[in-house]
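Across the two complexes that follow, chain A remains constant while its partner is chain B and subsequently chain C.
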Partner chain A sequence: MARFFILFVVILVGLFAAELTGPVQRAIVLPWTEGLARLSAGLITPLDSNVAASGKILQSTTNGFAISIEAGCNGIEAAIILIAAMLAFPAPWTYRLVGILAGLAAVQLLNVVRVISLFYIGQWSMQAFEWAHFYVWQALIMLDVLIVWLIWIRKLPRRPSMPDVPAPSMPAGATQATT
Partner chain B sequence: MSSQSSTSSNCGSLVSSLLLAVSFCGAAQAQVAPNLGTNSTYAVVSSTYTNTLNPTSLNGTPSRPVLCYTTGPTVTPSTMSGTLLIPCPSTTGTDRDLALATLNSQACVSLGPGAILLNAVTIGANPPGTIPPGCYSSGGTMDVTVGTTVTLNGNGVYVFRPGGALTTGANSRVILAGGSCADNVFWAPPVATLGATTEFVGNILVPSSTAITMGNSTNLLGRAIAFGSTVTTAAVTITVPPVCAAPPPVVLPTLVKAFNPGTITTGGTSTLTVTLGNANAAVATLTAPLVDTLPGGVVVANTPNANTTCGGAGAIVAVAAASSVTLPAGRTIPANGTCTLTVDVTSALVGTYINTLPVGALVTSNGNNPAPANATLTVIAPVVLPSLAKAFNASSIIAGGTSTLTVTLGNANATVATLTASLVDTLPTGVVIANAPNASTTCGGAGAPIAIAGGASVTLPAGRSIPANGNCTLSVEVTAAFVGSYLNTLPVGALMTSNGNNPAPATATLTVTAVAFGFNPNPAPTLSEWAMIMLVGLLAIAGFAAIRKQEN
Partner chain C sequence: MAADAMPLKKFVIHTFLWLPPSFAVWYFSAPYFVAIAGKLARLLVNQFTTDVVSAIEQTGSVLLFVTTIKVHPTPEQTALLLPEVNALLYSYGLALFLALMLAEGARWWKFLLGVLILLLVQSWGIAFDLLAQLGIRMGPEVSAAAGLSGWQLEVIALGYQLGNLIFPSLAPVMLWVAFSRLISGGLSGQRGQNQGEQKMGEHQR
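Then we have the complex of A and B:
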């Protein structure tokens, strides 16, 4: 149990630290964020022609409302927590790989839904936009990650139980008595 | 006869070889025709008259004296129209002396200090040998080269006053052209010799005890007046010329001057132009320098750019920082035309300066200017052009938000700058006046700023003013619906005031951004820090529970 916790924290810190470095930002985070914006625009455009997408910006051509998908809005942090937990938890590597891929898909798909929903909520009401942004969608993302995590744990194969505490050593006096 | 011809020819050759051709860029002084008095009817007046060969023809007026002498010729002229008087009346001598006095008293332009070849002399723009009306003198002889022609061109009086002999070569000609008249031509040499077959015009007057010698077959349209002297002819024709029509009156030259521009700032330059006019058929030659003394405080500019369109030679005297400019004597004003003298001037002091050329400042062969010429140069303090600046506050807004556009009008002069035209700031496409324009100005004067909600421009009306050594502002709320960067420019000249127009554009950029829902500008990530901590905790707890369950 302690091993899991320590590994979880170490991996978590390592991944967050890596995320903040320039090379990772340039190579992964920013392209990922722009890809998310393009995906969102691509999903909206067939259904709503009054949407213009430019870079990481989605804008309504009817009322000018626009949202910009900035760093932190891309679901990477939630995915990092889930990945760290799966890597720290004692499990076969195959399960870890499958879990990480499934977790990434679940988090990012829900994040796309979040972006699109906020785009339209904002056009309807900025107050509702703020409320959904700060409260509803954070809870939903957390719930999403937690569900993926629980399902993944549940799907893991059972392993033989191992003593958590090593066998106690012989008292010094007994040895002398034996002798 | 052959001896005379030979003598004349030799003399002409000798003169030709010794004399230098003279080019004189000018015209003679104003001249006056003397009154010949009782000499006017004579072809020949002499003490001793010698005619060596006939036919000699003296053509005067019938029944009027045409020839007089004390000692007569051995060969009487074969033809004589008029009467003969022996001896010459003393009045002819008196009148000759008066006429010579008149001729000698006139101010002539010297053709040179030595001998002069009249057929080679160049006067003004005339070709060599063509001489306009005027009075001409020389320090030495006046000669006409063998076989050449001298043309007296133009209606007027001609006076020739050589310091030495008047000599013409054989077969030479002195002829009339352009309205000139033989009765208005006067020669006053100490002695005169006309070569054989010379064609000559004018009245030759010599003093007593000298001679006029005319070669074989010479034709003179004029008079040989040599009271107390000798006249020698050989088969010549002398015709007393008819009275000339009065020459046209001389129109005095004019002066006009101007500064361009008439108003400059201190240290600036203005071009002073002096225009010299001459309404006569004869070129007017400056017989004295034209000196324009600038008013105190005005001097020739560092780069004088002195120039003249007047003819003739002689450099303009215009030295940087000097207080005068001079057009030298010898320069000419064309016939029936004008020419100019220009020079750049400057002044370091504010003021109004009147520059005057007084009566008589322009002295020419056609007289002097009868009226002064004035020009006024106004020197003012330099005006600092007004300035424009502009800014958006905030310079970055989200789409649909508002920003305050402020245009600042500056005036660094001691005088108020009043807008002479409305200042119109046309907003860039995509930016419009906000629903609540809140247009206001701190500029003086009346007239409300014009800013209509949804409009594309804001206007500060003419009549508004910028305080002296200060500035004022025009403000209005604007908005933009779409994301973008909007450059708002007020171009050069957009601000037109009584102190000039803005010399530089004013620009400001309004950046319109989307509603951000990332970290910037308001932290609103997918998961906040606390949400992430909570998620980590939940996963850890679930993990612990799962491990414990596996272990059990």
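Then we have the complex of A and C:
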């Protein structure tokens, strides 16, 4: 347990510090964020043609409302956390690779839903936008990361050195032993 | 495997069901936690500056830090700098933590310990938000008046990013992973399994 947490924190801080550097921002973060804005606009357009993407900004061409996809909303931090959790957990490298690729897809898919939903929530109510943006979606994305990680752990081959990690038992507390 | 999959599914559903009431508990209890987190944040801020904050005022979940830094809105006017911090930005992890723990039916002391740790996480966020305002966002005049420069600004920038982007949402999940008995059993690996086998052998004897 301690080994997992230490490894996780070391990888997490390393990846996060790397993300903040200028070269990584220019080579990965900014192009990724702009791609996210374009993808969101592309997905919206068949249903609502009054949307345009410019750089990392998604804008309504009817009322001028726009959102700028910034750090924390581009899914990169969530991806870093997921990668760190999968690398820190003892598993075969092929499972890690598949897990990271599938997990990133799941996290980014939900992040696209977040961006699009925020775009429309903001046009409806700024108060609701702030709640959804600052609190609710942040929690949901992290919950998504946790669920992906738990599913991945359950898919790992059972090894003598690493027993299956069962999901939390239900119902609440019924079979819980004192810890 | 199908039977194994059910608890995870149930856990996820229960977590989602607990989220709305957990958000309500978090929101309505936030002013009480903010008052404590603000005081703890001041202690952390004092590690970087020397008594720049002279008082803290609170309106709901917004903290107003009364500083000793003097600014000049116009050449004739002098005012004290009063940066604000929305403490909710750093505490919403409490809602996620409550939902996860309630979904698992965790023991009360784990709730208590988790809430205390999350208070520290919230304090970190508040402190570095204030420090980032004083040291970076308000310009060189204010950062000089606050006595912040060089390596301190680098630490503040990293501390702010961690406190803003990573800790608020990650801390509750890490706490849940640490507190979850079955998860921790799995992460313990061979040792836990061997201990279990040994105990079983002793019982059979």
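Here, the second predicted complex is superposed on the first by the 160 of 179 C-alpha atoms of A that agree within 3 Å, B and C clash if a C-alpha of one lies under 4 Å from a C-alpha of the other, contacts with A are read in each partner's own complex, and residues count from 1 in each chain.
The rule we apply is simple: a residue touches a chain if its C-beta (ideal position, glycine included) is under 8 Å from a C-beta of that chain, and two chains touch if they have at least 3 such contacts.
Just so we're clear, the structure is a prediction, and the values are computed from it rather than from any experiment.
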{"item": "Which superposed partner A:Glu77 touches (first chain B, second chain C, both, neither)", "value": "both"}
{"item": "Partner chain in contact with A:Ile67 - chain B first, chain C second, else both or neither", "value": "first"}
{"item": "Contacts of A:Ile57 with chain B and chain C, given as first, second, both or neither", "value": "first"}
{"item": "Touched partner set for A:Ile147, first chain B, second chain C, both or neither", "value": "second"}
{"item": "Touching partner for A:Asn111 - first (chain B), second (chain C), both, neither", "value": "first"}
{"item": "First, second, both or neither for A:Leu47, with chain B first and chain C second", "value": "neither"}
{"item": "Partner chain in contact with A:Leu20 - chain B first, chain C second, else both or neither", "value": "second"}
{"item": "Which superposed partner A:His133 touches (first chain B, second chain C, both, neither)", "value": "first"}
{"item": "On chain A, the residue positions that both chain B and chain C contact, one per complex", "value": "1, 4-5, 12, 71-72, 77, 81, 89-90, 134, 138, 141-142, 145-146, 150, 153, 161-162, 164"}
{"item": "Complex interface listing, chain B residues touching chain A", "value": "398-400, 481-483, 513-520, 523-528, 531-532, 534-536, 538-540, 542-544, 546-548, 550-552"}
{"item": "Chain A - residues contacting chain B, complex", "value": "1, 4-5, 8, 12, 54, 57-59, 63-75, 77-78, 81-82, 85, 88-90, 111, 114, 118, 122, 126, 129, 133-134, 137-138, 141-142, 145-146, 149-150, 153, 156, 158-159, 161-162, 164"}
{"item": "Chain A-touching residues of chain C, taken from the complex the two chains share", "value": "4-5, 7-8, 10-12, 14-16, 19, 23, 88-89, 92-93, 95-96, 100, 102-107, 157-158, 161-162, 164-166, 168-170, 172-174, 176, 178, 180-190, 192-193"}
{"item": "Partner chain C, residues of chain A touching it in the complex", "value": "1, 4-5, 12, 16-17, 20, 71-72, 77, 81, 89-90, 134-136, 138-139, 141-143, 145-147, 150-151, 153-154, 160-174, 176-179"}
